Amino acid sequence: MKKLINCPETVVRESLAGLALAHADLVKVVMEPLYVVRAGAPVKGKVGIVSGGGSGHEPMHGGYVGRGMLDAACPGEVFTSPTPDQIEAATRAVDGGAGVLHIVKNYTGDIMNFQMAAELCAAQGVEVRSVVINDDVAVEDSLYTAGRRGVGVTVLAEKICGAAAERGWDLARVEALCRKVNDGGRSMGVALTSCTVPAAGKPTFELGGGEMEMGIGIHGEPGRRRMPLAPAREIVETMTVAIVADLPFESGDRVIAMVNGMGATPLMELYLVYGELERVLGSKGIAAARRLVGNYMTSLDMAGCSITLLRADDEMISLWDDPVLTPGFRWGA
Amino acid sequence: MAVTRDHLLAWLEALERTYAENRSWLTDLDAAIGDADHGANMARGFAAARAEAAQNAPGDLRGVLQVAAASLIRKVGGASGPLYGTLFLKASTACAGKETLDAAGVVAMFQAGIKGIQQLGKAAEGDKTMLDALLPALGAMRKGLENGTELNVILADATAAAERGMLATTPMQARKGRASYLGPRSVGHQDPGATSAWLLLRAAAETFGK
Amino acid sequence: MKKLINCPETVVRESLAGLALAHADLVKVVMEPLYVVRAGAPVKGKVGIVSGGGSGHEPMHGGYVGRGMLDAACPGEVFTSPTPDQIEAATRAVDGGAGVLHIVKNYTGDIMNFQMAAELCAAQGVEVRSVVINDDVAVEDSLYTAGRRGVGVTVLAEKICGAAAERGWDLARVEALCRKVNDGGRSMGVALTSCTVPAAGKPTFELGGGEMEMGIGIHGEPGRRRMPLAPAREIVETMTVAIVADLPFESGDRVIAMVNGMGATPLMELYLVYGELERVLGSKGIAAARRLVGNYMTSLDMAGCSITLLRADDEMISLWDDPVLTPGFRWGA
Amino acid sequence: MAVTRDHLLAWLEALERTYAENRSWLTDLDAAIGDADHGANMARGFAAARAEAAQNAPGDLRGVLQVAAASLIRKVGGASGPLYGTLFLKASTACAGKETLDAAGVVAMFQAGIKGIQQLGKAAEGDKTMLDALLPALGAMRKGLENGTELNVILADATAAAERGMLATTPMQARKGRASYLGPRSVGHQDPGATSAWLLLRAAAETFGK
């Protein structure tokens, strides 16, 4: 394992300490229990937005804390959901009296820990609503699975709901918006290499020089299928067709399109992928109204990318364009 | 022969040791069908549970299990944190007011804990989870109790049943947890949680007997 | 070689096509000869800022084209300086009548190609000044080398000089500022892995599991020394001490500090490195006035990072804070 | 025996072939002490130079070399683009007004080109660059001319001198170009540019003789 770290046990906290130093104007990091909170929280009268999950997906979630996005983020150990006490403390720290929305990715551990925290908060009179994100088309949603993973749409939901809360929307309305975003968004990912969990010390899976894993999530788990490595054009075609067919997206739709790097894939490749994506979208009459190309939701040092499409109406787009000031997203401010 | 507070503390010590020793095995199992953190999660959680119970636990059985439950819930995270935390939490309530546990008391304790995992995780036998080790173990305990078998034999039988259940997870396709994302690719791998559950029972058999 | 590309011969142009689609509001990409130009260039009466170099360092340089930074960037083939005709065309396209500054990294090829282009422009009455960036402390500057490589300071110089040009400074003043930035800035890099040039198809060098290359540049060239891999704390200490001693930076100095990822190192590690950097700076009485942590000047898919420090006065800091609106840098706009 | 426009075109064809064949060798040499692009640069540049010269070159010797120079400068980039581009550009001026080249004309052509590289790159013999192959070759040409040796022998000797010069770069520590960043670590590797320079002369010897 080759990483710029000191030791696996301390990597999460040491990285967050660096985040706090690098962005002292935007966020504060509380160490016991561990959470990242917007500077100046709670914002009186504003709905609080809290998310969280295992670490190793940076900039998600800590990098999305700040004005116009998250009020707090709860980082667990690498790939391990945070614990109820972290979530409870973060939720109470950002409650400005208008209640708090939990944006939860659909993983058994995340669901259970956020659930326990929500009950603890309710017992103390903090109103909490939870929305579960489950946008990964690679997982069939059936009685025979834990349902679909929450992936790329999480980032878009955090931005859009954060803007709505900043505008003063009430909890019920922000919650409804978050469900709408989840309903209109779909994602799929591909891996060219595995990633290495620091505490494990070796790659989670082995992949031959000519192979790729199609349909991976963000935790280094193997995907749905192992396939021979193909040109970017074919890979993007495969992913986009699956995403478009699933919702389905239709000719005339406007979308927010994200090409997300898994951590070790350079921007040069991600822009090339974006070019291929627009080509496929164009052939289907789908227009990209807004675009994101970069590392937004990573899987440690995995090489690969994911594509996320969100069907967006004028309201979503105007919320998207609202000012945001966080370590990871910054515009209009 | 009865299970005392010291037995519970000894059990927690044994668990800390067991999960430290089997950490990389559990992580490798989780790497195959999950996200390669189960070993670290269990080792971290039971190191904390043992330490906090030894320092802060009140004098009664229930207090020891409550402290252990709280530290598992606070220190583990993931799916296994709430699930094992619930096992100890429900187990603690089953010990309310008791100074020691006879065979019936021990079985009642495990029954409460395992039912708690079922309620929280909504998994059934055959879903390829820790329950595939825990439910057969519970069945063996109940049977032993009916037949008036003595405690260390009951626990030995339960551990054997858990081991069979653990091995039986290999051919299963996961229907719960992370492994279910793999669909058919989850077949052919032993479930990490079922494995940590077997270790949990084995440690109980080894310590409660003494 | 595992990359999200179609073929090595077309990767540069296909990636730039994606950049153009993803940021059509900010930049235009001209294909023959190849350059990236700010939308709406030339800006009448404003000094034009042009940079360029081999590709494979994304977001540098194309990602820094836009308001408040570069007017144009000339991308060569991967790790190969651009050609005079590209630079000449880009320079003429952004000349708003106030002359054009070439920001050139100190590599034999870059120097010669920019030099040839400057002569072609001068022959056509376009006033061009060139500043050579050479901030890499890993290379001893002597008669026996081609001098120091231009690395991280290039990014800072492009931002600061871009802001000055936007403010309406004249060419001589922007040129002097650029020299001042180069004089006050130093960098050093470390690699945990090699990178793979698409046209080469295999890693440029082999590095054992327990080794690192200290003092690398941004072209996958081996560094000054091969050393056993060390904890991040020691690596950062080594690099920072070398950087600080070289200028030298002194107690009381205020700096703009950049921790730059080489392409395959995740943000989690870069923030951890930043935390270690601030610790070392603090122990030397050096204060980070502004900070950058991320992938700003990469070396394809190399794992590793570089550290850049720039001694900054109030004027530089206020220029740093000026609005910038490019694919790679965006604030205040 | 005299060198005609067709000989120059044949030389460019030979160079396109040579650099395509030796592309990965040149890249490997550049990977060791540079940035692994020299093979791609030379192959790309001479494919373009050959094609453009064949299509667009005017009828005289100078025109062929000018077109080749222009496409090298436009298509190669890096250090080798301007350097080899200059070699052809200066060579072209040395051919001004000539229909064919005798031995003296060929030597004058190379002399002008090699001097051009010296002026542009400011490198001296021993700096571990292409000049360590080119300068000995030029020396051999001059000597041959004094002794009245005939052209194909002159070119054969020059190629042999270039090869010796190329091999002599291995123990050198680079003082120019990218390799100089490595300091002592540049010792023990053959210089890629000296290698492409030897190939350039070898192709001339093979084509001008015919």
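General remarks:
Order of writing sets the labels: A, B, C and D. Residues in every chain begin at 1.
Everything below uses one rule, namely that a contact is a pair of C-beta atoms (placed from the backbone, for glycine too) under 8 Å apart; a residue touches a chain by one contact, two chains touch by 3 or more.
For clarity, every value in this text was computed on a predicted model and none was experimentally measured.
Shared contacts of chain C and chain D, meaning chains that touch the two of them, come down to nothing at all.
Ranked by separation of Cα centres from chain A, the top chain is D.
Work out the mean CA point of chain A and of chain B, and you get 32 Å between them. Taking each chain's centre as the mean of its C-alpha atoms, chain A lies 55 Å from chain D.
Centroids of chain A and chain C (each the mean of its C-alpha atoms) stand 29 Å apart. The mean-CA centres of chain B and chain D are about 75 angstrom from one another, to the nearest whole unit.
For chain D, residues touching at least two other chains: there are none.
Contact topology of the protein chains: linear, an open path with no closing contact. Every pair of chains meeting the touch criterion is listed here: A-B, A-C, C-D.
Every residue of chain D that touches chain C in the complex is listed here, in rising order: 27, 31-37, 39-41, 44, 73-83, 120-121, 173, 175-178, 180-183, 185.
On chain A, the positions that touch chain B within their shared complex are 33, 54, 76-85, 107-109, 112-113, 116, 138-140, 143-146, 149, 197, 199-200, 204-205, 217, 219-222, 224. Residue ranges on chain A touching chain C, taken from their complex, read 2-7, 11-12, 14-19, 21-23, 55-56, 58-59, 63, 192-193, 209, 212, 229, 231-233, 235, 263-276, 278, 291, 293, 295, 298, 300-301, 303-305, 330-333.
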